[in-house]
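After this come two complexes, each holding chain A, first together with chain B and then together with chain C.
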Partner chain A sequence: MSWVGGGGKGEGKRGKGEGNPGAVALALNVGAFLTFALLVPGFATGPNLETVVISALPLFLLAVGQTFVLISAGIDLSSTAVVGLVSVVGGVVMSAEEGTQGGTLGTLTGLAAMLATGVAAGAVNGACVGWLRMPAFMVTLTLGMFAGGLAVWLARTVAATETLYGLPSQFLQIGGDAGIALALTAALGIAAHGLLSGTLFGRALQSVGYNARVALVSGLRVQRVILATYVLGGLFAAFAAVLLTGRLETASPTHGRQLLLDVIGATVIGGTSLSGGRGRIGWTALGVLFLALVGNGLTLMNLSDFAITIVKGLVILAAALLDAWRVRRRGRS
Partner chain B sequence: MKSCSIGRRTAGVTLAALMATALAACGGSAPARDEGALTIGVAFETLQTEFWVAAWNKLRADTAERKITMLEAVADGDPNRQLEQVRTFINRRVDGIILVPKDGKTVIPMIRAANAAGIPVVLFNRPADRTDAPHTAIVPDNVAITKATVEYLIEQARASGSPAKAAILLGDLSDVNAIGRRDGFEAAVKEAGDAVQVVSRIPTEWNQERALAGLQSAFQAHPDISLVLTSSDFMLPSIKSVLSSLGKWQRVGDEGHVILGGFDGDPTAYSMMLDGYLDATGVQDVFWEAEQAIEVIVGAKSGKSPPARIEDPGFAITQANMASMADRMWGAVMARRGP
Partner chain C sequence: MNAAVAMAGIEKAFGGVPVLRGITLEVAPGSILGLVGENGAGKSTLMNILGGNLQPDAGSISVGGRPFSPRTPADARTAGIAFVHQELTLFGNLTIAENLHLTRFPRRWGLPWIDRGASVRQGADLLARVGLSQRADMLVERLTAGERQLVEIARAIGAQARVLILDEPTTSLGAVERGRLLSLLRELQDAGLAIIFISHELSEVLQICDSVVVLRDGQVAGTGSASTFSVQSLVALMVGREVRQLYPPVRAPGNQEPLLEVRRLGEPSVAHEISLTLHRGEMLGVFGLMGAGRSELARMLFGLDRHTSGDVLLEGRPLSGGPAQRIGRGLAFVTEDRRQDGLCLEAPVADNMTLVHLAALTRTPLRLINRAALRAEVARMSTDVRLTRAPPHLPAGRLSGGNQQKVILAKWLLRPPRVLILDEPTRGIDVGARGEIYELLHRLADTGTGVLVISSELEELTGICDRILVMRQGEIGGEFPRDRFVREDLLRAALPVRVSG
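Moving on to the complex of A and B:
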């Protein structure tokens, strides 16, 4: 009953009274950049900004997946746990210590296994939310617990340790080489933007998120759209795992574990609505960039970890409040 | 159509802003710094245990006293974030980096990045896995510290006149610290000969509930256990719970006292020693380790070659030496300072 009962906010016309969330996110970025550039020595340097951008690439990929899911009026709380599971699966296949294959063949096999794991996790989420009509937060939270536990079990069973090392150099380059990581992420981001903005699927997704009941009555195959949405979420989580595993040269069930709030926060700061129906990949990129700039700037200011967490939490809360205000205005108009 | 035009406008402004950002980035320069002053980047994986907080505070105090700038970063358990922090330190051209990594493997790319920039790296209390990337690891001598602690416990058992029946709460034996502490215990027991008989080796995997259940089972099988060693002080509350339920939570010297030892020297252990329930605990000299970490970087700056490994000899704090040694026990310092 979940997504069928989740409509009701579509009485007003789409877009009216919502302002321009992308412009808000852009203004936040410009404000943060100028503030830190003026206040913090070493912030506005090429190497530092390169570090900020490259470090934020896995977060961006996770946030792209979350953008699809949030637009469908769902939520994916499993994505960061799926990153850990995907990472371990890759490690088991490719690690010279434990895996059976290295080199190019091992890398290709490992990549295929990693992406397949992400897709499978997304498909389970999508099937439960779409066909069984279970609440998204419950399904994805449970799958996240399962994926997290399975990742640790798999690592300990196969390798008798929680981390796997000795991955093929070809694989490590994907996440470890800044140019390759940036090019891959940009290509995936552009593809996601095209899918969302320039295809029938993108329109169908926004319609489902805006009002699933109306979309169903209009003849849209809502379950299939929801399934595809969560599969995309899983796929992008898998790509994030590829980058993280390569960057850290280690497969581990703990990769990505700390990122969930940042993923949802960056997506919401970018203007994607928690109530569904609205969101853009470009906005999400701005949300990710803003969180990365704030995190880096505050670290350079030598603020304590607790202070940085408080600031980030307040920013995300403010973005959620702004989203709620937009949804109310949209309802009124 | 309207939403399309908004999208294009947003995209255009975004592109312009990113270009401006890139231009500013290229035009920016690294911060100027007094070449005579030292800057050390300190990146901890977490500050969620008292041990790390004690180390952090000591590093802060010592760098301030020596007029060294300390750049701080805590990764909150996220190695990707820690790698970003290390790269940020490198970009700021620090003179050295002190790291508490999340694990021994994910730290290797961080060491390599610092190596490439010619910046010395000190791994504080948590060593890296096998790597050819040069760095300094400061680690406690778990074997020696535990052995000294257990020797004191056996001495107390000997004084009672009858052979001791001992149990040890083991840590996670995939952890080098747990292995070292077990080996220190076994070495002391072996040297003691007939004075002590080990009747139970309890695996806990660093889990308090397992410790509690395991010790309960051990006392059911061997009610005459008279000596217990825990591989970490954080399991002391579990031991107290079991001994209390058996009526054996007694002060040193009282009838029915079970000789009790630990490892770490945390505030709970200090409090139990003050109250007279704990006989001894092995202490990692975190203050000494912090001094050594800073010294390695200061030495590297003046041209000394950093050592690959520094072992903290630590010490056993006992009921006999507590008055003179408590100032070096980090748990005592934390407990006196209060929350």
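Moving on to the complex of A and C:
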């Protein structure tokens, strides 16, 4: 940053002090790791850390979707409810008695139905926010309610129970086998990173998030960008549902229900701005890892669930505070 | 007797650019002072200082003989200064009485409990004083522009104002309302108020004011009793200054090949039957006062706002669709407000510069950005627009106004446009950068691009344009080729025509 203080007349004057969100998130992880490694026996062991990473994969996928949406200066409060709906849709398709139960064909049909459900939910969000100009929080909150209710109704109507068993083993492997889950998540994460940082769409998304009016005047098709963003959010929620459903070996409307604050929290801890424009997939990965480490460490310390929730809430609040401070420093008027 | 308001040696600069350079004026109680000057002469800045919205860099103010240095609008209100803004500041969804008492509702039994009855009664009294025959419990959104103006004045009277500042109070009024307002001002004057009347309607200023102060370039260009001025002498004082050596040499006009043709463009209450032709390689200026419809015209041409009638043709073919389609046809638009819709202030210079033509810097099939090409293009454009001290990764918001404007120009010129529209291209930009921008525009026109420059600064347009159109009240009010660039004529063509009746 050789320009800091170099230029004249106010240029580069405020180069310092704003910090690099990625570096902050990395430091948090190192700090959390060292603290728990010292304080908590059994924390810094291979098997425990593997558990931490593997169980955080669905959260990471949800947070990737949320990263896209937050960069567009929106928010997706429906993503965890969409996970439940997608899970039930998959369960219904794959465990249907007279359907294509079991086998490769059943798995492929189920996957297609699940991803299509996620995309459809995202498209509804995106159309309402982009074309109808409705506030994102209202649209996604409502769609989340709708998806949650629909998931329960669908499960009860089709299976007479809320939890669906008997899913094909090939399908369960995707989320159940740690290696496959990790490989799939890594591939999706890398693709998302490439999309965001290296493509026309990624740059358009950031511009829309920084200032949609500038983007419009500059000839970007703002509404399409917003639509695509929420579709991505829905798609990543669907992948998260695939992993969760596989790992828990059942399809259920309750999958992901507790995750919403963690999703947004992890994304913001990573440094993605709630005001739009700034964010990276790598930062989000660090934010997810940090929350996972803290949750695991505190659990090993025998803290109760609610105590852990309190700590997580404080951490996320601090991250949001830091974000607001960064935005102020950058002189957005 | 003490002056109601005396300002002495007021100076103010924005970002190093002086706007007010030692202004001195006085208003006596029971008198009306006219304050006139071109857009950008410093009238609004001066009144914002008096109204507590801005703090002066130097100089002193006294009110009723006592030193006065307001830090907030509330300070100014307490001192008895009321500011009736050009854009009215009433809440349409509240009643007249509620608007009148917004900052100090009558209370019941000294408790923080609004006495609605008293509020309506007091409101009715105030309305009677300004001669507005409406019920005080009526919603403001149902009032006409003129009636709202009267409510604003009633609010000022209710606040025990001793000094009333009116910024362009009559522009939105019809003839009847205008007459009523002027006679009300006379009554208030007789009641001992000091009034500062800002207006472009010079004949009105001479008719109602006792004395006049003419501002030009942040200085007092002339002052005296209203009876010593005529409209002509005021205009001469407003525009009369030597042209600085800021403008590039006069260029040979382009050929007469039509490039952009606008035919009878219309949109209710915005534009009326606007027709114009921009030729290849031409620098065409559009002059007009604020609210004449110039920016609206530009936005319609660029596809940002719709128009209900008329056509726009580029090279003989109709233009349609939004900005994306029109950029594809070769249009470019530098907007009036850099912060609002010109730049992503938090994004790096390089991202801003490549925003419009990024697609040209990607590789198929995945449309991945070609970073090497991007870096090369950013470097090329930075040299081209003479962008200095602005490394590509620096957030655009940290640049000076001049450099920000250069980034915006670079964004559009990355691929040379056929038509470049600029709205107030040098507003708030220092002299050095201005000269460079003018040169750049001339170079561009020399390559055949048609350049349409909208500006409130007459001097700028006469300095760089081949031809100037004057807009007033949503219409083209006059056309001036270079050999008829007489500033008095241009300014007169821009002043609103009064519909007699």
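Please note the rule applied: the second predicted complex is superposed on the first by the 308 of 333 C-alpha atoms of A that agree within 3 Å, B and C clash if a C-alpha of one lies under 4 Å from a C-alpha of the other, contacts with A are read in each partner's own complex, and residues count from 1 in each chain.
Going forward, a contact is a pair of C-beta atoms (placed from the backbone, for glycine too) under 8 Å apart; a residue touches a chain by one contact, two chains touch by 3 or more.
This one's a predicted model, so the numbers in the text were calculated from it and none came from an experiment.
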| item | value |
| --- | --- |
| Broader residue contact with chain A after superposition on the shared chain, chain B or chain C | B |
| Touching partner for A:Ile310 - first (chain B), second (chain C), both, neither | neither |
| Partner chain in contact with A:Ala191 - chain B first, chain C second, else both or neither | neither |
| Chain B versus chain C as contact partner of A:Gly277, first or second or both or neither | second |
| First (chain B), second (chain C), both or neither touched by A:Ser218 | second |
| First, second, both or neither for A:Leu321, with chain B first and chain C second | neither |
| Doubly contacted residues of chain A, that is, touched by chain B and again by chain C | 14-15 |
| For the chain C and chain A complex, residues of the former touching the latter | 15-16, 302, 304, 322-324, 326-328, 333, 335, 339-347, 351, 354-356, 358-359, 362, 366-369, 389-391, 394-395, 397-400, 403, 411 |
| List of chain A residues in touch with chain B within their complex | 14-15, 20, 22-23, 26, 29-30, 33, 37, 41-52, 55, 58, 160-163, 165, 176, 197, 244, 247-250, 252, 254-255, 257-259, 280, 282-283, 285-286, 295-296, 299-300, 302, 304-305, 309 |
| Complex interface listing, chain B residues touching chain A | 2-3, 6-7, 9-11, 13-14, 17, 21-22, 24-26, 28-32, 47, 71-74, 76-81, 83-85, 87-88, 90-92, 102-103, 105-106, 108-109, 129, 174 |
| Contacting residues of chain A [partner chain C, same complex] | 3, 7-15, 194, 198-201, 203-204, 206-207, 210-211, 213-221, 277-278, 330-333 |
